[in-house]
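Look at the two complexes coming up: chain A is in both, with chain B in one and chain C in the other.
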Partner chain A sequence: MTDANTPPHAFFLPRSGLEDLFQILQSDGYQVLGPTVVNDTVMIRPLESIAQLPQGVSDRQDGGFYRLVDGDPELSFEFVVGPNGPKNYLFPAKLKLLEFHVGNERFELDAGQPDVPKYAFLGVRPCELAAVKVQDRVFGVAEPGMFRCESETWYTLARRQALFIAVNCTRPAGTCFCASWGTGPRATEGFDLALTELRGGFIVEVGSDRGQAIVGRLPTREPTVSELELAELKLERAAEQMGRRLETGDVKELLDHDLEHPEWDKVAQRCLSCGNCTMVCPTCFCCTVEDSTYLADENITRTRYWESCFTHQFSYLTSGPERATIRGRYRHWLRHKLSTWWDQFDMSGCVGCGRCITWCPVGIDLTEEIPRFREGGHAKAENTTQSRGT
Partner chain B sequence: MPGQNVDTLRRQGKLKIAAFKFTSCDGCQLQILNLEDDLLALAGATDIAFFLEARRQAPSPPYDIGFVEGSISTPEEEERIGQIRRECKTLITIGACATSGGIQALRNWADVDEFCRCVYPRPEHIETLATATPIAAHVFVDYELRGCPINPADLLELVSATLAGRRPNISTHSLCVECKRSGYPCVMVAQGKPCLGPVTQVGCGGALCPSMNRACYGCFGPMEQPNMASLGRWFTSRLGQDARDMKRMLRTFNGYIEPFKQASDRYEQEEQRSKEQ
Partner chain C sequence: MPHTLSSSRPEPICGMDTWMPVPARILAIEQENFNTWTFTTRFVAEEIRKIYRFAPGQFNMLYVPGVGEAAFSLSSDPAEPETLAHTVRRVGSVTRALERFKPGGLIGLRGPFGHGWPMELMRDRHVVIVAGGIGIAPLRPVLYTLLHNPDYCKRLVLLYGCRTPADRVYASELEDWENNDAIEVLVTVDNADSEWNGPVGVVTNLLRRIKVDAKNTIVLVCGPKVLNRVAAWSFLQLHVPPDQVFVSLERNMNCGFARCGHCQLGGKFVCSDGPVFRFSDIADIFAKEDI
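Entry: the complex of A and B
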């Protein structure tokens, strides 16, 4: 179990080496983004020192429920994902795209986007790396040679510069189901370094040349066989202890099959259409662009905001919102994540992070919903083209 | 004024703006003055014709935009709003009083005569209606700016949009969208505070209360299509609220606007049923 599965480049970084890692990132010009406690919640924020990491903090997560609790005082990463993540920086919620003005009978450009900072994500989780991979596909980063207008500028620049120091999950949260998608609890790709936390320090795996260069400057040593075994065991346990589970094999067909299933009505009774699920989802990418002017001034600012498919404005046409009911909007969202994302991007739009379950104010849980679609539907396959959201 | 560009408007002269007060605390008009740095620019770009809180002179109607603050609470106001509607090409209500009836609409569930007897030594001098109602209950309203008080940035946006001939960027979705965009931790999920954010319209300028680690109390009124029943079920089953708490939570500045009104009426009935048992 140990030697055969041990990755080729594994090191042991004593706990004190975390400080060295932090200083290396700072001296290399990275803005370090990592977990810290803000108002009883672990949020990803710019960090000034490793003292801001949530040492000895764990979390309890359930549908519509999140509480921080005391954890092992010797561990820095015993909690799991909070409401935000790398998406908040790679695809900012509010971004000024450009400024222009009316002059010489035409629009003249004054300023483009601001410079993109060099981000280092410290403590990013495997499900978040999987989500970055999804957004790479969405924003056109994964395909070089693509026309520039087909890719997202800020995302592409931020993504290329960003460094990912992942932390594998040795304790899943109550709403985690990454094991169902195979996106965790261990990071397999997309990281520069991946850490597995033990009491005394971290098993470090290298995932890129940049990661290799950093490891060379860290006070690492060879891990012992027992340290490697313990790390393996912890990750195996984490996979077994997932708080939620989703049968993913047939989920696309399931949701394509019965668009008039009565469960859509039932879940619409509970859904607030508040948009929280889309705001915390690490793969949701919808946005809106607003031009703003100031009184009679002829300067115009174009700003992009995160948008949600749960708002009226999102699908507003001359006749009103295209999906006028909460039922239609919830169905659109869930089917996009689990079904039509495959048609659009040839991959799943869900990575199993569980955020939409935890941060839904009324605890709607897609891992509870999906099994309900397996039972007692109308099974009117011929009606599936009637997708208008009523 | 869709379809018109800035030049057309300029040729026509400045937008003539007026602000009118009905039963209210003046807080929303004060928000116009609170624009401070923008006030001179606003006065420069428009003709603020009638605004007694800021200016004694009052050039005569008609006005391009009339901002109306306050609810209709007296027989005199009932008359006056009709006249003002005729004087304004576009009528825009500002604030919770004008849009929902305001805090004084709590009288609509009570006995006004009894209130008068309790509060005033000579109640016979009080001439008031039995209800305080929103402007839209009396005349056609073109646009509503929500809030108690309004966000002055919304007013500026509305005027700016009108001048440029574009739609105002004023959203009607939940507060949660803005709260999450701003990166605030959720006070409801992480701390169990009953927050009206999921049913409340955005607009307070970046989820004001959650940014201060407090629950939203709905001062911008109901969002588009709020699911009152579902949030209420969660508050009562998980967050320790009872029917009376729910009623009181909903009957504040926007208590008399649907669907807050309907929901609070339902909780009142529930409260009475539980008292009878």
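Entry: the complex of A and C
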């Protein structure tokens, strides 16, 4: 974060300087993670060279719709978020926590979690930085004294070492609504460097000492006034061009009370309970730790997997699943994102990245759902037929 | 006063890692009924025995090597924290695996987790305990504690309901308590057999047999979901204030420390905000299904 009194000092990095940046990150021992095209989708992956960036690629996103299209051949960041993000590395979908065996008088620890790489996220979007801030709170990084008994030190370690090189969004996708939450399209905190892409290069803002040290080694120059103005203009326009909008002011209270609103039944008739929304959401943190035992050597491995609240097993009790219907599971998910997250973590569980809209196979869209809850206004519908879960 | 009367939450022993169970030996196994056993255990490591404390209503994750973990309430006397008892009803994989153990067996333990019963509020009050079936397990530490300190509360009542007489757990202790002046014990069954000469019917019917001083009563409830609801409402109808009614809830549990998300009930994490809840804190969602 920059001091509020001194305006952030900006630099101009010519496009060729991206290669220098990449080299610096590699020589500093970072594993560079950035966007690249995999199976017609922009994914965050380990990058070996700057050539893997999706240059000249743009995306079209809508409810249940994602396509890559040709973009401006001179731009490297014309697309926005794909289905994965930094969460997949800071809180991996599958992580071995420990390995042990039963000794005579004790459980002998054989191995802990794997070593945590030093990640540099290149091209991370403002909504992603906001999501990292949310998970910091969830995993207890923000409050070191807070009791979390966190054996899963992976997140904390990965997070502390990680370098964030953000790219501000000059072209939002059709499902983006970060402007409604104030989490984008411009990064305001949580980055080491933030780039705004222009044709010839990037306006670079510094957000940390680590970022400052890197800028010192880059072939930057002072930006011209017109370059600065152009970047400003692009970001302002991006905010105006958000594909979606969400009125956020009353949304917590709205979902706090309307547990029986008829819209829950309607949306449940469309929802497949596939769990895609939970798998792509950058703030979802639910997980299950499972044991696997190798009978040959009696070694026990505890592995943590992402879990989705859309499964039956998530709430399973001996008497059956607690959320037996899709209505109950969708209601839990949406209320958690927008309402009960505030009770738990004093912040929103949604940052407006739009992924749950894009990747929902039937295009369920929370920005369309919320106004419907407003319309019905606390109607009691105790006797509405509940959709039966599967 | 022992410290267990003032604190509803000692912190977990973390060992080297919370996901790493701490080994404990099974000292004794007592069969309570046809599907329920009480396992008395002791930590192998003396240093752990010295620091481990728990409050009535807290629970541990018990680990059977090679099988898995499940949540079980501490059912022993908190004044003797060097030996820990859990009363286990056979329902599935972990409980079946426990059933196969013999004394001397080695299991693992993580905990204690959660917020227990409000011991501090019971001073000079009337305490009415309503338990159903295995739901008496997390309440037995309350009974032990209050019976050790008979002057602590004004009156102690236990209302216990079971499906049949054969379903009762702690049968011999129930008999002892029936003969103890410090506590009034009423046991009812849904279906009697020829030897049963006690009351028959749901546990809330027993309310007619006791007179409660509503404003001055603390109610503690633990049982199946239906019983929890009916019991809580019955006391509210008798004008016991909603912030004096406490219910212990069950949800799916994996971690025990508000990390995995499984046990959420609305915005609450049952493992750490509960499992014991003040009725007034969950009044809006308590009776809802599918939450």
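As a working rule, the second predicted complex is superposed on the first by the 359 of 390 C-alpha atoms of A that agree within 3 Å, B and C clash if a C-alpha of one lies under 4 Å from a C-alpha of the other, contacts with A are read in each partner's own complex, and residues count from 1 in each chain.
Everything below uses one rule, namely that contacts are C-beta pairs under 8 Å (C-beta built on N, C-alpha and C of every residue); 3 or more make two chains touch, one makes a residue touch a chain.
As the structure is a prediction and not an experimental result, all values here were calculated from the model.
J.: If we overlay the two complexes on their shared chain A, which of chain B and chain C does A:L218 touch? Say first, second, both or neither.
T.: Touch partners of A:L218: none, neither chain B nor chain C.
J.: Touching A:T41, do we find chain B (first), chain C (second), both, or neither?
T.: Touch status of A:T41: first partner only.
J.: After superposition on the shared chain, which partner residues are touched by A:G275: those of chain B (first), chain C (second), both, or neither?
T.: After superposing on A, A:G275 lies in contact with chain B but is clear of chain C.
J.: Given the touch rule stated above, what does A:V289 touch, chain B (first), chain C (second), both, or neither?
T.: Only chain C is touched by A:V289; chain B is not.
J.: Considering only touches as defined above, state whether A:I24 meets chain B (first), chain C (second), both or neither.
T.: Neither partner.
J.: Examine A:E298 and indicate which partner it touches, taking first as chain B and second as chain C; both and neither are also allowed.
T.: both
J.: Would you tell me the residues on chain A in contact with chain B in one complex that are also in contact with chain C in the other?
T.: Shared contact residues on chain A (touching chain B in one complex, chain C in the other): 102, 290-291, 293, 298.
J.: Within the complex, which stretch of chain B touches chain A?
T.: 6, 9-10, 38, 41-42, 44-46, 156-157, 159-161, 163-164, 166, 169, 171-174, 176-177, 180-191, 195, 197-199, 213, 223-227, 229-231, 233-234, 238
J.: Residues of chain A touching chain C in their complex?
T.: So the residues of chain A in touch with chain C come to 97-98, 100, 102, 105-107, 109, 112, 147-152, 259, 285-291, 293, 298, 300, 302, 307, 309, 314-319, 322-325, 327-328, 331-332, 335-336, 339-344, 386.
J.: Within their complex, state which residues of chain A touch chain B.
T.: 38-41, 43, 64-68, 82-84, 88, 93-94, 102, 269-276, 279-280, 290-298, 305-306, 308, 310-313, 326, 358-359, 361-363
J.: Please output the residues of chain C touching chain A within their complex, sorted ascending.
T.: 11-12, 14, 16-23, 44-45, 65-69, 91-92, 106, 108, 224-225, 250-252, 254-255, 257-262, 264, 266-269, 284-285, 288-291
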